[in-house]
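In what comes next, subunit A is part of two complexes: it sits with subunit B in the first one and with subunit C in the second one.
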Partner chain A sequence: MLLEMSEILEPITSDPSVRMIVLYRIDGTPILAKIRKRDLTILGILYWLENQIRDALYHIFNKDLDDLSFKFRDVLVKMYPVSRTLVLTLIVDENASLYKLEADVESVCMKIRELI
Partner chain B sequence: MRHDDAKRVKTGILGLDELLDGGYRPNTVNVVLGSAGVGKTIFALQFLLKGLENDEKGIFVSFDMNEKSVIELALSMGWGEMVDYIESGKLLIGSNFHVEDIVYLNSELLDFILSNASNNGVRIVVDSFTPLIASLSFEMRKDVNWFFSRLREAGTSLITLEEPLDGNLNDPSITVPVFLGDSVIHMKNIGYGEAFNRTLRIIKHRGSWHAEGVFPYRILRGLGIVVEGSSYVVNMRTKIEIDEILDELGVRREDIPSSLLKRLEKLAEDEVPYSREDIAKIIKRVIECY
Partner chain C sequence: MRVEVVHTPFTEYGDVVRDLEAKLDLGFEPNFLFVFLTESVWKDHNKIIKFLQRKFPNAKMAGCFVEGYATAECAWMRGLAMILIEAEGVDVFWAKGRNTAETFRRLKEKVGTGWDSIILIFPAFYFQSRFDVLKIGINDRIHYYLKYKRARTLEDKLRVLREYSNMLESRYIYPVNKALRIMANETPIIGMNLMPLEARFGTPVIFANYECIGRGAVAVCFKGKVNTIFHDVLPERGNSFDETVEIMKNYFPNVELVDVVKKGIAIGEINGLRPVEFLESKVRAYKPIEQNEALNRLEKGRLQTVSPYVLAFISRETFGSSILGLLPYPVNFHPSLFDLDIFYDKSLFFGELFKDGIKRFCELFERKKMDSSFDLFIVDHNTIMMFGKRIHKITSFARERCERFLGVFSSYPSAAGIPLNKKSLTEIEPKICFSGTGTSAMIEIRDLI
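Entry: the complex of A and B
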């Protein structure tokens, strides 16, 4: 299933503006992480995310949010609920085409929902 | 197949050995950590069953399950052969140690295990280890170390640990065996359903490669615990040719110190869990700073 999920995420991973994708479980456990390019600058964001993820997921699920965004210097962290238990998190460049990305995210989320 | 695959002790858990580089290392104490209901006892029985199928002896020590409850659980999983193994004496159930009488690690329990362990090929399960060390403080870790050393002499052991329901893993009764155990597998069940409801993570596997990440598992009658994700991990591993990489980097073998060359050759003995491109970068950096 991880292999299939990894393949489903491929359209987003191949987008050059996407630095990293993490699929989190509701308890904050990272189920699948894909780093497009080994980039030390996102390490700080990942440490930050590790401390915030449970709160962020709590708000997504309990306040029924469509997505959640955080802006750092030159990167955006976007979180999208996929299902009752999974949240897709993207770390992208600030100049990324969010319109295209969100269309890809919607399609990917649908495929993951079908898979699980 | 890795170079020491044949020496590994197969766990019996379908899909797990690939994530442990072939299985447990022999004569080790392996920890399975998880809260109530994740399947620790099923894991333990499956581990024993695999050994019994290979004509190894099994010892199952429990403080809250007697022979009847072990048989009931085995039958509910469709493992009727467990009854035959118990009757023939190949599987020994040590259930005379009652949870209310057990205060701390004791030699009576150890004597029971050691006197019943054959010279080789014995699998020992202590399910659960938590009552033995519930009163443990950090200063008492040498006692756990002593207990584990004796278990290693006897065979390959599996102990289960109860994760508190509040998720506090900082208690010495968790941290000490986790620190001293040779491998630790953390099983988790979030209870919301869906595909990633039950997952496991290998926290450590001393002296061996192990897969990183979170892997979903299911508990199925007959098969027991089935772990998914091994194909994903296997796909991520790459076999590298040192000479090819050195050629690409424009470095000659004779220009590298022999001690470093030996280490690079060791690196190439097994598959590595990184892409060839990443490994080439690492080798380049290592040569520069060695």
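Entry: the complex of A and C
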């Protein structure tokens, strides 16, 4: 299933404005991570995410949020609930075409929902 | 007739080819390809078109760039989608000329008669090159605006605007209603008047038979059992200027009646101010873009061409209305994508808002007449900006109503000669519909002969 999920995420991963995609379980465990290219600058963000992810997921699921977004200097962290147990997290450049990216992310989420 | 939709959400050339190779094993030999590319494959689009030519050397082809597409599986704003057809009743023609009249007269001659539906693809605004766009700015400031400022009477001002309008028409803009007026005959026409959401030099790109045609027009013609539908989300028009104004005041928020000095496709003044000044006076956040900034954005493919602040002109011929987005372009005269001569000098200024949101766009599918047809629909690309990921509702509605389909998110489609089911607000000339937002169209194809 992870392999299939990885294939579903592939088109988004190839987007030049997307630096990293992580699929988190509700308990904050990353079950799938795809990185576009080696980039040390996102290590700090990942470290921050590791500490905050449980709280963020708690808010997404308990307040029924459509998505959650944080900005760090030149990158955005966007979180989209896929199901009641999974959250897709994208680390993207701040100048990305978000309105188009969000439409594509929804396509990906729909496909993952079908799979699970 | 056999029709197949193939798409790939990949954007790198190698991935695109690998994905397409796997999907293009069709079991039939298509004689026509209708290709819709998205901005994400911009850097490799020539290689992709060449790949398709190698794959289907004997097939005719038409194509263009769109913002996104919807298939039975899902909607994507990346990669490309195409319709592959094996049938007799489909053909493609294209033409180029020095101006709108010449281009579309030539195309009309080539198309001839006897078709049951036509999709007309042409650039509403063509962003040719850095030099060319720079020339608009220089001409605007040094040549035309100085003359305009010196003009003593309204007639003199209109004469300068006419000159400016002719210049725009000869190099950059095909006014949509004028193009449709020339092409119109008894055949229903859907106009894909292309204007990318974010423009770059050399856009919009249109292909005919695997060649990029530059600033020209392409007609994709269908013959057989087809049905053409045009829809707009706006209320019905009134029977007089005042009635239409009242209808629009009730529909849109904060509508203001303004006086416009206009001629051809050029707007000189709004309430006595230059269009950019007027926009700035109404919306403080809209500072005029500097010319260099505009050129840099065009270089990167990031010059925004849509705006929520609009002028709605009311037609003298039908009392219908067409909407023009106002943007803080670094020019003194605001260009229009449609011929303004048939409109009243008083127009309405407001910020767009559609009642009932995305549901109104789904009404297009309720007008379907054919069962077991293949449907190609075009939805106003402003929906992507207005509704974001909720545009998937359009796709899910299409899935309920259409057996096989491809939807594209492209510029607000226009129409000529398509039967309407209401007194459409966007019918600005008899049987000609256009508005800068809120329109969609569909062609149902059951059989092509």
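We adopt the following convention: the second predicted complex is superposed on the first by the 116 of 116 C-alpha atoms of A that agree within 3 Å, B and C clash if a C-alpha of one lies under 4 Å from a C-alpha of the other, contacts with A are read in each partner's own complex, and residues count from 1 in each chain.
Convention: a residue touches a chain if its C-beta (ideal position, glycine included) is under 8 Å from a C-beta of that chain, and two chains touch if they have at least 3 such contacts.
Computed from a predicted model, the values in this text were never measured in an experiment.
Asker: Would subunit B and subunit C fit next to each other on subunit A once aligned, or clash?
Answerer: In the superposition, subunit B and subunit C stay clear of each other.
Asker: Contact-wise, after the overlay, does A:R73 reach subunit B, subunit C, both or neither (first, second, both, neither)?
Answerer: neither
Asker: I'd like to know which partner A:L86 touches here: subunit B for first, subunit C for second, both or neither.
Answerer: The first partner, subunit B, only.
Asker: Could you tell me if A:M110 is touching subunit B, subunit C, both of them or neither one (first, second, both, neither)?
Answerer: The answer is second: A:M110 touches subunit C but not subunit B.
Asker: For A:E102, decide between first (touching subunit B), second (touching subunit C), both and neither.
Answerer: Second partner only.
Asker: Scan A:K63 for contacts with subunit B and subunit C and give back first, second, both or neither.
Answerer: A:K63: touches no partner chain.
Asker: Taking the superposition on A as described, I'd like to know which of subunit B and subunit C A:D15 touches: first, second, both or neither.
Answerer: It touches subunit C, and subunit B stays clear.
Asker: Quick one: smallest Cα-Cα gap between subunit B and subunit C in the superposed arrangement, Å?
Answerer: Subunit B and subunit C, overlaid via chain A, are at closest 17 Å apart by C-alpha.
Asker: Overlap of the subunit B and subunit C footprints on subunit A, residue-wise?
Answerer: Shared contact residues on subunit A: none.
Asker: Taking the complex as given, what residues does subunit C use to touch subunit A?
Answerer: My answer: residues 9-12, 15, 40, 67-68, 73-79, 198, 384-385, 388-389, 391-392.
Asker: Which residues of subunit A touch subunit B in their complex?
Answerer: Interface residues on the subunit A side: 1-3, 6, 25-27, 29-33, 38, 83-86, 115-116.
Asker: Show which residues of subunit A lie in contact with subunit C when the two form their complex.
Answerer: 10-11, 14-15, 97, 99-107, 110-111
Asker: Enumerate the contact residues on subunit B facing subunit A in the complex.
Answerer: Result: residues 188, 190, 192-197, 199, 201, 213-216, 228-229, 231-232, 235, 278 of subunit B touch subunit A.
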